[in-house]
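Could you have a look at this structure, given as structure tokens, before my questions?
Per-chain numbering from 1; labels A, B, C, D, E and F assigned in written order.
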Amino acid sequence: MLLHMMTWAEVEAYLERSTAVIVPIGSTEQHGPNGLVGTDALCGEYIAKATGERADAIVAPVINVGMAQHHMAFTGSMTLKPSTLILVIKEWVESLAHHGFDRFFFVNGHGGNITTINAAFQELYTEQSREGTGGGNRPDIACELRNWWQGPKTNAAIRRLFGNRDGMHATNSEISVTQYLFPDHVKAGTEAMGPPSGVRGGWTDAADYRAKFPDGRIGSHPWEANPEAGKELYELAADELAELFTGFAARE
Amino acid sequence: MLLHMMTWAEVEAYLERSTAVIVPIGSTEQHGPNGLVGTDALCGEYIAKATGERADAIVAPVINVGMAQHHMAFTGSMTLKPSTLILVIKEWVESLAHHGFDRFFFVNGHGGNITTINAAFQELYTEQSREGTGGGNRPDIACELRNWWQGPKTNAAIRRLFGNRDGMHATNSEISVTQYLFPDHVKAGTEAMGPPSGVRGGWTDAADYRAKFPDGRIGSHPWEANPEAGKELYELAADELAELFTGFAARE
Amino acid sequence: MLLHMMTWAEVEAYLERSTAVIVPIGSTEQHGPNGLVGTDALCGEYIAKATGERADAIVAPVINVGMAQHHMAFTGSMTLKPSTLILVIKEWVESLAHHGFDRFFFVNGHGGNITTINAAFQELYTEQSREGTGGGNRPDIACELRNWWQGPKTNAAIRRLFGNRDGMHATNSEISVTQYLFPDHVKAGTEAMGPPSGVRGGWTDAADYRAKFPDGRIGSHPWEANPEAGKELYELAADELAELFTGFAARE
Amino acid sequence: MLLHMMTWAEVEAYLERSTAVIVPIGSTEQHGPNGLVGTDALCGEYIAKATGERADAIVAPVINVGMAQHHMAFTGSMTLKPSTLILVIKEWVESLAHHGFDRFFFVNGHGGNITTINAAFQELYTEQSREGTGGGNRPDIACELRNWWQGPKTNAAIRRLFGNRDGMHATNSEISVTQYLFPDHVKAGTEAMGPPSGVRGGWTDAADYRAKFPDGRIGSHPWEANPEAGKELYELAADELAELFTGFAARE
Amino acid sequence: MLLHMMTWAEVEAYLERSTAVIVPIGSTEQHGPNGLVGTDALCGEYIAKATGERADAIVAPVINVGMAQHHMAFTGSMTLKPSTLILVIKEWVESLAHHGFDRFFFVNGHGGNITTINAAFQELYTEQSREGTGGGNRPDIACELRNWWQGPKTNAAIRRLFGNRDGMHATNSEISVTQYLFPDHVKAGTEAMGPPSGVRGGWTDAADYRAKFPDGRIGSHPWEANPEAGKELYELAADELAELFTGFAARE
Amino acid sequence: MLLHMMTWAEVEAYLERSTAVIVPIGSTEQHGPNGLVGTDALCGEYIAKATGERADAIVAPVINVGMAQHHMAFTGSMTLKPSTLILVIKEWVESLAHHGFDRFFFVNGHGGNITTINAAFQELYTEQSREGTGGGNRPDIACELRNWWQGPKTNAAIRRLFGNRDGMHATNSEISVTQYLFPDHVKAGTEAMGPPSGVRGGWTDAADYRAKFPDGRIGSHPWEANPEAGKELYELAADELAELFTGFAARE
């Protein structure tokens, strides 16, 4: 159930049975030689939608540009500053909280967003909860962050399908999901990829990232990506997330 | 051509022939008894996409939540503060300008965004153009704002199809476009709508808006909306915008 | 009645009979070969003062620097960033609202301020009005923006006096008003002006503006400006605005 | 020479002989039983104007609302937050620096502004001067703050005229200056004032200020204010400030 | 070598042989029944100091208040908002970078700071590194975050000493370190502690945290803390961090 | 009594007998040829601690980096922007106010902080005190700023010990205090100092400061600094501040 496909009266009716909402968040950034720039936003948005269908829950509009500073040396990458992304996440939640939503389940498609999302949650808790010392047992608002690829079943499937060849960025698994979702946008030319860039060590700024990972990948073998693997991961992730959401929505 | 459906190398190749990009922007807010909460974001996004196809131009990710403070008394409406939306628009442009884009053509789906978009343009011009007094003839960056419903042909068609019954918010025409785009989400129950709220006078805050326009519409007759009208308007708007974009991209 | 020419006790007494206040806002920016840099601030301030006299209303201090980024390639122009101007407008209103004023009638002298003023109003409505869904019928605060040159009688007189030769910036009419108000500051040398810069097309940043309009004017013939025309426009505008203000102050 | 009474070409011509400018700053706040709400802004603006005439220097538009939080319990007082006032002062200076001004001489009418003005100067020095360690001998920009009442001759005259009866707020001397400048706005009813509020001790917030100084004065005897004293102080202050300005403008 | 115990000339001399600096960061927040409010700041500061001695490196002043919103229901806890802490971290680094430091090694004493520190690093990389696409091989600046308790040897010692009884907040190990460092401030009364609060599950806001962990601990047995364990951990952590710092400082 | 050396329960117990707290604030900046970079922070922190011991009062963590923009041309100096320091001071106070503290006594070690501290106090008064016009007699919060060197007895001792040779920056007296507190960090080589830089005139930015005061001192003779003088000043300052604090804490 997508918020933007409902009337306001339908949203009002939903709030009579549930105050929990799913919020997809992703990123628009390079994903290696054959990955889509929108991979993280698309995975976040579509897996969140499938989660909402399984859990009979409303899904808010996706936050489609995230924190991708370190990818900015690759054309097409977009980023918000962390402090701007904090504001955006807060106003997304504040808008929905204004109507009575109080449980916010973020489905995230981008590891680089995690620190900023958590910082936003802390500011929200400070500003939305006024009591100070705890009287009631039920928090005024609760926010939960889940990365779609980290549920135990999804993660096990990734390991089974791709092992260590999945890598850390522009992974086989996320590219598989987009190949399943958008068969018209499977990119050719993957035979031109060299061996994967090594996965060891970190990086600092965007120039350093590009110097270390010249085609954008970190340790992945995305020519192994395939729609069948994508379908399996997409279904597993949505199943796991729906179960997590249901528990979260019911929790006191 | 959607940015998020391209690889970074494809975006890089595009920049060799054009530095102009289309940016869709909308809003997530109540649209009366049978309008979708996402009407403005969906119209902005899909008409921008069609414009990009006609003009062979890249379309950036949509800014799907805009400035909708005055709709916040209706459940499901979302809003960014004007100062936050200024930041978002600026960082959208700055990210793309970082890669060499310098012509930004905004396709807007929401009248309430206009003031904020223009304020953002002013800050961008100040910060991105450093010379002060004009040396070269070609501006460093240029931004253009177009509302999809205001091209002369599109506007004439709206008048022919719906006359004054189109109204000012939750218009027959925008609801027609979403009915054409999303036939599975045409909402029933329109027979329950009373006569349209009057179009006279303004409003102040969200409570005042709701008191004056209790079902969310301003002067529209959205039970007249229909997919055929939507298709016509969608095609006309994309045609007109593609022509405007092409002129804008070529302008010195 | 000027706020800064009253004692605090006199302001307190005023609030017992009215909670409405007039706020002048202008700009400090180039106005072509013979226009004063302060034209917009002076027109805003003095027409607001005359409005206050006719309507027996308090006039707040003028906001004398506005949003004039696009004029910054001409010496002497000053500007606030849109986001700073939003803060200034908000704190002007918040200060007065703190004492019980709740109707704010802005008399504006500069077209370039319009978007920013409206953005500020939206933030004020959000922050000053807390109810959410509308209970009472009377909004907590109301803000109204009027440009002094756009009342129907004033506009008709401009057309009668100057026709299309009035132009869009450094207009015959605004320069006439300052010539009427400040006869000691009528600038000579207008014979040196060439033909008016064309009125077609827009502009982007300050350098682009100067390249297109090299002496600062847009389409005006300011050598036709004269104090008699200025007096007529000044009186008409104040009459119209006083009537509008009275209606605004009384409106529920 | 008032910036707002000049054409842009006249400002450009001025810059060929001087890069120094006078900036008046004041406040809009209660000034006791017979003082004008605009006392500080008016004193700042008019004494700056007289200074500019003596020194043949440009005077920028006045910053007419300052930092007056502690006066907000008296009707009509207005205030900017310190952090907003910092932005305003910075953008005033940045606008003028953009055109080549580099010496900014602030004539201040309000003691409560001092801390904020100095904080703004520090941010300006940091952002406008990039070298780090000192190469050249001439600073890129220089800012100077002068309170009109603190020159030695002006101060001596205040002591001679009013002694300790001048007080600390709503002083005899500043009210005298406004009585000289605005003879039509000399307020009657001063016989109703009781003995002056004591000058000892400080205060915290606005409510505390009002509790301690119920009619707004601190230690002053404003019924002694008179236009003749005002004229003397106004002339003395302008003379002293013009001399200080000339030295400041010439200093390496 | 503590920055604040050096003269400016000594710092200048240091920069000739190294551009790397250690930055301690902690928090001021409740640490259960017998833990000091300053535990995290003290551990960060003193272990950083010992690291600097081993590595012959400068240690900057400690950031002693961090992000501790979730502890605010316990008296004495202090917190900065994430967006303020981002500014503080950035200006700490920018100040030192101004003098030529370019390698910043953060020694952190508080898990709750991690997300905010990483967000600050991203903004620093964006703003301090201007090239965009990578030319040189050496990043302009590099920042590294290390939590003192997570080096492999330190962590192994914690497990050996306290096993799972160490808990997650107000841990046996951190309280041991402060008991070793400040023998005069070992708190009695630990016999009054009941069984440890469970370690399962998360929390939302401060009130929720207190409801779940009523004496502030999460799963720890701090009555087992002792100065001997503290000394061992302190030495091990400093050894490990000095080695990590040396590698970081040398890394291209 | 140092906040960071207490448990949360001990802080809670303190609040039952007093709601006043001492907050040390200093700076990290060059202090001439033989002064420590941390002089101001160390003096603030340690004199505040001694004050707390005499007055039986809690001392909060020190704000150890202040506003030192004008010292940034000397290696090792650190600074926060005024607007960031305002935020830090406010959140320090807000955190403590959250627990019930309402009297904040700042012991300051750096003249350059004064304007920013006072600006922060004004914002705190505005935001923490909501009533507007004064009802109750006791202010909600009160903040007091004291510079350690300005009590009458301390100041007299400085004059007796060093006369005019104390100077204005890197003073004999503050260096004496650090020599008393940190005998292991008394810097040699003072014979190399030339005559003191003159004390006349002001400065603008950091480069200008360094050009005028090439070794960092303003008018001081720090080779006269000695631990005995430091001890005397330290004791006197703590005595005076403790008396002032006690009066402040008791004041209605």
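In the analysis below, a residue touches a chain if its C-beta (ideal position, glycine included) is under 8 Å from a C-beta of that chain, and two chains touch if they have at least 3 such contacts.
The shown structure was predicted, so the numbers you read here are calculated from the model rather than taken from an experiment.
Fewest steps needed to get from chain B to chain F, stepping only to touching chains, is 3. Centroid analysis (C-alpha atoms only) places C farthest from chain E. Our note on geometry: chain A versus chain B, Cα centroid distance of 25 Å, whole angstroms. For the pair chain C and chain F, the distance between C-alpha centroids works out to 47 Å.
Counting partner chains per residue, chain E shows two or more touched chains at residues 72, 79, 81, 98, 132. Each chain touches its two ring neighbours, and walking from chain A in the direction of chain B yields A, B, C, D, F, E.
Contact residues of chain D toward chain C in the complex are 2-12, 15, 28, 30-38, 41-42, 60-62, 64-65, 72, 74-81, 84, 87-88, 91-92, 95-96, 98-100, 182, 185, 187, 216. Here chain D touches chain F in the complex through residues 67, 69-70, 72-73, 79, 81-83, 86, 114-116, 118-120, 122-123, 125-126, 128-129, 131-137, 139-143, 204-211, going by the rule given at the top.
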